[in-house]
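This report refers to the structure that appears directly beneath it.
Letters A, B, C and D name the chains as they come in the text, with residue numbers starting at 1 for each one.
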């Protein structure tokens, strides 16, 4: 059994909760209040700035050139998507793109968890910690896309970007690297990887939950 | 005006809130329910493990030998206090010391914020981020000590450790280093230092607030 | 006066020495013994693997998204060039590409100097430390290209890659970022930046010198 | 067979070379020219400043509180010894203690190798990299102490500090931690640990060799 299979199994209850949470349900039906989506998108932009830095930092610690290169590319893509958010979706969804966004408490927590792990924990653990942001996003994105009940979902264009094949390829690659590292390490390390994966998965849930509540400090 | 004076001024409203919060008020009066104190003490033990590592990591980036040495000593002290918690206070307050403590969400947030900043932000910013844990603790500790209304406060012994002169000397030293670094850097950096100081101060508040609510994931 | 102008001025004697050193003179005339070039190219391949990681790591610490993105791209390019060395030039110059290369002492020194500075020194200092590898290479590459005395220089194809406009654009960009950071920091930091720039420049010289001597441990 | 036994075996030829090298032989006989010893002592002072920082940085990445605490203490001790060098031995051996020391190329190499490894390599590898400075020093110190042929060795007092029991205890502890980590990791990692141990051992030799040659940039 692959490490990623075991990891996925371990977050099934959480995934179920995510699929059912109001933010995701209303995003799918197109009934999510605009201000909640705006809040989410702004926090996501800040998240991506930091997530991109984490991915490149992980690449810089990888022994394998191919993995390093792919993680620099992942890092770059996160920043490119952040730019698209600012330059396209922000105006489309009525967000001023020229004033600074204050990072809310959950986004702040998630960002700094990933950066801390990238710096202080073994690379295997850090690689496991960044995986939920790829994988859960992909699965949630696909689910929303498949179940869109509303032909005029105002969030349709945005949803489409996360269910594309480019993003899917990235997820496959990230999983492959994590599985490879898991295979080459000890059981104790695999357990630490799992803990980091679960912590990050919880933060994915909390991120959407905080967006729905528009949670500030 | 010293940077620390400006920083202190900026958190006055927050400090007022901290002094009034139930956790602090009830700790002072000795009426804090034991289970809340137990929760707090366990989270504090985990916090100290990571805080000590952050302090030593900051020392390792310092250009100044004296500052490096003092921060290694601070790091050591945090781990020594953690040991005392485990070996003395845990049994005194009825906490089993031999089973693992799960880090709650706010402690998790605070720990990883400090580690992230230590690794990715300029040293000045990181030094400012660790200061509230010294300084606010000192001020809150002193306030509780002075205002103990109850001669038989069950938390008396514990309170005493935080109002000793050793801890006070550490706070003075930490402030001195932060002021020195602030003087030697740019205004823009001083602003970033202030932001980090405020973020950490908020997390001090949230830490006690979470203990009162015994907040878990 | 820009920081880069001052920095450049400070290494003029060293640059003169570099232009006159046997490795560079014989590379230009095409008389460099093949085994010295082979040694150089293998060490360069290892250097690039680490240099790319350093560049991405620096991007991950940058506050500016554009700078972060450009440094992730620089990091990627270093690994792409390393791949080209392995897949094209190695066979062209008679080097087996499938057995591991032992990093020689000077390459080892240079690599770890850059990684150490990237991790422990302020970002400004680390950005200054990576600049010589861009800039000196460019200037030496151009000089060799202009002065090729031999129409059948066996190293012609390789030389061409370092005098292209893509590489020139990267150098301009790297200098721009270093100057911007220098302008925004203190004089004391600018001095530290200069020291790092000079140390790295010396290591550029030592790298070619070690290749000429085929220096091993 | 313990990892440290295997590691020690692997550097036997190098150790033999170290025992025979002029710097060590003349230190033992007391005939080492003063200016060589002065050069060495100044480089050693700079080395210790950085070595101390590396040790504390490693402690900050350790999962084990006891190990973290011991490495903060090791870090502190390195800086304390550096202070003693400056405040006692410098004047005793006729070195002005108030002007800056330029780090020579080999000391520079060794320092940055250790810092780079501490930041970018797995903790196990970094722990193995710092071990030679403990262990080889101990063995060389003991050997010199035992074989002092000259009752009036001018370097006697200095030699004594490195053959004390405090230093011996530190070496035992450092070896214990490295063996523990080796036992708990994979064979592939043990191999990487060995490579780092050998690289650092070579740099120990080069450090003394450079002192004998008073090697500057």
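Convention: a contact is a pair of C-beta atoms (placed from the backbone, for glycine too) under 8 Å apart; a residue touches a chain by one contact, two chains touch by 3 or more.
Small disclaimer: the values here were computed from a predicted structure and weren't measured.
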Any chain in contact with subunit A as well as subunit D: B, C
B-D or A-B - the one linked by more C-beta pairs in contact: B-D
Identity of the chain that, by mean CA position, is farthest from subunit D: A
Inter-centroid spacing, subunit B versus subunit A (mean Cα positions, whole Å): 31
Rounded Å distance between subunit B and subunit D, as computed from the means of their C-alpha atoms: 35
Junction residues of subunit A - those touching two or more other chains: 53, 60-61, 120
For the subunit B and subunit C complex, residues of the former touching the latter: 60-61, 120, 122-123, 184-186, 188
Complex contacts: residues of subunit A adjacent to subunit C: 49, 52-54, 56-57, 59-62, 65, 68-69, 71-73, 75-76, 79-80, 82-83
Residues of subunit A that touch subunit B when the two form their complex: 53, 105, 108-109, 111-120, 199, 202, 206, 217
